[in-house]
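Below is one structure; the comments refer to it alone.
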Amino acid sequence: MKNFRPKLPGFLTGMKILLFNMFKTLSPFSPNPNVNYPFEKEIVAPRARGVIALDQEACTSCMLCARQCPDWCIYIEGHKELQPPTKPGGRQRSRAVLDRFDIDYALCMYCGICVEVCPFDALFWTPEYEYSEYNMGDMLHDKTRLDQWLKTVPEIEGLES
Amino acid sequence: MIDGSEILVKAGIVLAFALNGAVIFTILDVKGASWMQRRPGPLHVGLRGFIFPLAEIIKFFQKEDITPKNVDTAVFKWAPAYVLASVFGLFVVVPISPTLVGSDLDLGVFYLLAISSLSTLGVLTAGWSSANKYSLMGGIRAAGQLIAYELPLILSVVGVVIQAETMSLVGIVEKQIEWGLPFAISGQGIAFIIFMIAATAEMMRVPFDMPIGESELVSGFLTEYSGVRFLIFYIAEYMNMFIMCAIASTLFLGGYHVPLLPVEWVNFYGPVVLITKTFLLGFILVLVRWSFPRFREDQLQNLAWKILIPLSLLNILITSIMKVVF
Amino acid sequence: MKMNLSNSPEFVESLTSAFPTLENKFDTLKITVKSSEWVEKVSQLKDEFNLTYFSWLSAIDWENEVSVGDPPKEPVTSHFEIVCCLSDSLEGNLVLISTDIEKEDAKIPSLVKVFAGSNWHEREAYEMFGIEFINHPNLTKMYLPDDYEGNPMLKSFELISREVKPWPGEVDVEGMPDDGAEENS
Amino acid sequence: MDEILNSGNIPYVSEASVSVEIETEDMTLNIGPQHPSTHGVLRLVAKVDGEKISSVEPVLGYMHRGYEKLAEVRTYPQITTLVNRIDWVSGFANEIPFIAATEKLMEIEAPERAKHIRLILTEMARIASHFVFNGAYALEIGALTPIFLAMEDRERILDLIESVTGGRFHPNFNRIGGIKPAAGSGPTTKKNVQDLPSGFYQETRDAMEKVLEAVERMEDLVGGNEVFKMRTKGVGIISKELAEEYGVSGPILRASGVKFDLRTQTDFLPYDKFEYEIPTGENGDCYDRWYVRLVEMRESAKIILQAIDSMPSGPLQTKVPKVIKVPKGQSYVRTENPKGEMGYYIISEGGLGPYRLKIRTPSFSNISILPVLLEGQLLPDLIAIMGSLDFVLGDVDR
């Protein structure tokens, strides 16, 4: 059908496209490509790398993520503590307890090396993206704040064949 | 003896009519553009964004009006005034209905074309005086373009004047009522197209917006202006668009008359008809603005001198021959 | 799509005959030539082997004591190695040609006569390594501000930001609080 | 109408010259770092005689981040995350040559499925990058609408990339030896395999249909317009010899008539399994460069559709040691980045990171012809020619 239509001069086809666009935007049936941000929120892909969540119990402060981070933006301090023996009469075992675990999101480039390298499942990605601050200092999230992000971690979704 | 109050009242009406026209055409341009580009356009101002020109006017009033240091201050400060004056002057003559007109000069068309060439002066002085290489280039480009497109503008109107045998705008519309058909259909079709192209060039709208070519000259002669002076340029641009569409519909599309409607009530439906015609032309200009790229200035000059002027001369020739024959 | 893999065998033979020093490891052809015949060898490659496409030119700073990254495996005499990559824009054969110059007053004739495109690449090498290119049209700084002294890509040029900020990985988990029995009050 | 318009206008040198030779001195015009159409922070010091440019001297370095120095203090996995920030418009396509060079040095090969996924994401990056070019180039010539339509279509492609890799611009999805196998290396995250999410095939097919529609609409809206043709035909002609001598690559070289596409050379991506044709232009002017990129978008969409149908199953990454040490050796690999030929020359001494990494970026050589090309052009032509070279400053300054 396309080549049947007499070829309109170039600029008229351009105007025709614009006119159809205008009716498409005004008609309530066609999907609206824009998201009216402050009022409607965009649904982000579950795998989106928004922010890193920390599970404090799982973290044994093994410092792997701090060493692998290319931007040097993870700061960890921990100390060892004696644990009550698991079996009665067993030896008291020492366990490393986390004092400080800060991620400086002003430096972080969201590459995800720390989440991949962590052998104890302490770090997860969450598609949360609304944590901007007015001054750069607040971009340093301490471990309690990172723990709050844990609630927004999406569960593992289905995969293609 | 003309008493002062009548003039004041008329000036007030013309001012209100012009400002409203500019505001409505800003809405048409910006909202129309956003719908054409699949986006909602200004939304949060009020009434779903339709009173945003009001917000702009207030915004520009509270903005600081900077006059850069080594600028030729006197000329720099008065440049917007020339452009606004030239556009205001045009409103006097356009008839909304046979009685509702600023003053029905019998040299109407001659007055129109004389006043409209004053804006070239304003644009050139703005570009020249704001001591910035980009505005200088914008100003000189504007001068070249506006002068080049004065000629086709005038020559295309000469055809209409010959056919209507009068220069007064009300007379031209009466002639079209008498002929039954607006001039654009009866004989002046080419002149209408030439007039519209030349008017777009006068308004420096997109296919001809070399002087404010944002991607090259940042914003041409407007670069150094801010605050109220930029607002004056901004409103003058849209007022110019409104009045050019009004003149085009008066000269070519039958002014305040539609062929089928009875002539007696012309005083009542006259303004509505003229406004709708102006809106139609305005919408076409908006459509053209958002679908065309920009001419290079030597192509622009070629278009004016090598195509539009010969065509309009040809049109005058044909009209005068037809005048003699009928 | 027909796959015409680069460096077809007969091209490699014709190269090895002309350039004995050719090595073909990790399917990258690399020829090393003496620095005296640098321009002449490059133009020979351009004319005889139809390698008319100038891909890039850069330099490598071979150094033993290194203030950035880790030093080379076996000790190496400290010198500059200039590498130029040429290719042919139809079959896609790709050849690296390199030469060594000593570091003190590093001088090498410029290739601008043979390939006009090498102008910017040589300016970059001049700025980053301090290598002098003889009769180069305008050998000036390209990236760095004019008053910047020192050549950043030299191995001796250390990264200050890394000295100023301590490495977060340094900190280790402190020992048990009651290592010594006496202070667990 | 075109011939009358252009009759007085010699194709590439405009004829608007002053007849009587008044002794005028050139004005130096700084098309400075902050300028609406220099694609980032490039500064051109142009000597301008009225509107005609007598000489142009680009000043670079406003975006120099020192990638080659950074690479010397980083390990190989860290460089893969760093490297897609060079040409941020086509994020995924930058990682491929570096990963291929490392895999060649370590003599390992990515599994079939990983190669297919890499190919699909590279072609998506190409479509996204060409969409940005299409919209931005029309904006520079003066048409204000195509940029919005291009951005809207590009949004679908970026959502697809985000649903697979997690990042829109910087996917970080390539690992040495394949693609990112799992979300982490802990007991539970190891099971969270990062294969393609469910429903990906159907979404991609719909997106590719929309891309083909968008390409056709862009051709009518932008290419069909007579004013666009007048502004770009015969402007900024790059001859074959000039292009080859300056190392110009990619769509610009093909627009000058050289039928050379690096995709036929890449043996580590399965391009040989798919049917696609390589568009070339005749006389290498701005219009041909615009047209070649438009057709390339259509070809990429076709490749993706074929790749989706013939997607093999299998592992995502081969056996790779936990700490990656690359044996001593040198290797140079180049691939067809949307902007041209992008290559990495890795000189490794067997350490954790490379001893020296040379990054060959397409835009650096592409704009090295600007001083030669812009002699005697008009100012609006300078903007049109620079726009048609489609460069990104991150690529130029590294």
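Labels A, B, C and D are assigned to the chains in the order they are written; within every chain, residues are numbered from 1.
What we mean here is this: contacts are C-beta pairs under 8 Å (C-beta built on N, C-alpha and C of every residue); 3 or more make two chains touch, one makes a residue touch a chain.
For clarity, every value in this text was computed on a predicted model and none was experimentally measured.
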Point to revise | Of all other chains, the one whose Cα centre sits farthest from chain A | key: B
Point to revise | Contact-richer chain pair [A-C vs C-D] | key: C-D
Point to revise | Between chain C and chain A, distance of the C-alpha-averaged centres to the nearest whole Å | key: 38
Study note, to complete from the structure: Note: chain D sits from chain C at a C-alpha centroid distance in Å of 24
Point to revise | Distance from chain C to chain B - Cα centre to Cα centre, in angstrom | key: 62
Review point. Can you give the whole-Å distance between the Cα centres of chain A and chain D?
Key: 27
**Study point:** Residues of chain D touching at least two other chains
**Key:** 145, 149, 152, 221, 225, 227-228
**Study point:** Multi-partner residues of chain C (each touching 2 or more other chains)
**Key:** none
Review point. Of all residues in chain A, which are in touch with two or more distinct other chains?
Key: 11, 14, 17-18, 21, 33
Practice item. Go ahead and list every pair of chains that touch. Key: A-B, A-C, A-D, B-D, C-D
Review point. Where on chain A does chain B make contact in their complex?
Key: 11, 14-15, 17-19, 21-22, 24-26, 33-34, 36
Exercise for review: Can you check the complex and tell me which residues of chain A touch chain C?
Suggested key: 61, 63, 66-67, 69, 72-82, 94, 96
Review point. In the complex of these two chains, what residues of chain C are touching chain D?
Key: 1-6, 25-28, 30, 52-56, 58, 60-61, 68-73, 83, 85, 89-90, 92, 94, 96, 115-117, 119-120, 128, 142-145, 152-153, 157, 159, 162
Practice item. Would you mind writing out the residues of chain D in touch with chain B in their complex? Key: 1, 4-6, 8-9, 14-16, 27, 29, 35-37, 51, 138-145, 148-149, 152, 221, 225, 227-228, 230-231, 378-381, 383
Revision key, fill the gap. Interface with chain A, chain D side, in the complex: residues 74, 77-78, 81-82, 85, 145, 149, 152, 155, 159, 162-167, 170, 172, 180, 182-189, 191-201, 217, 220-229, 313
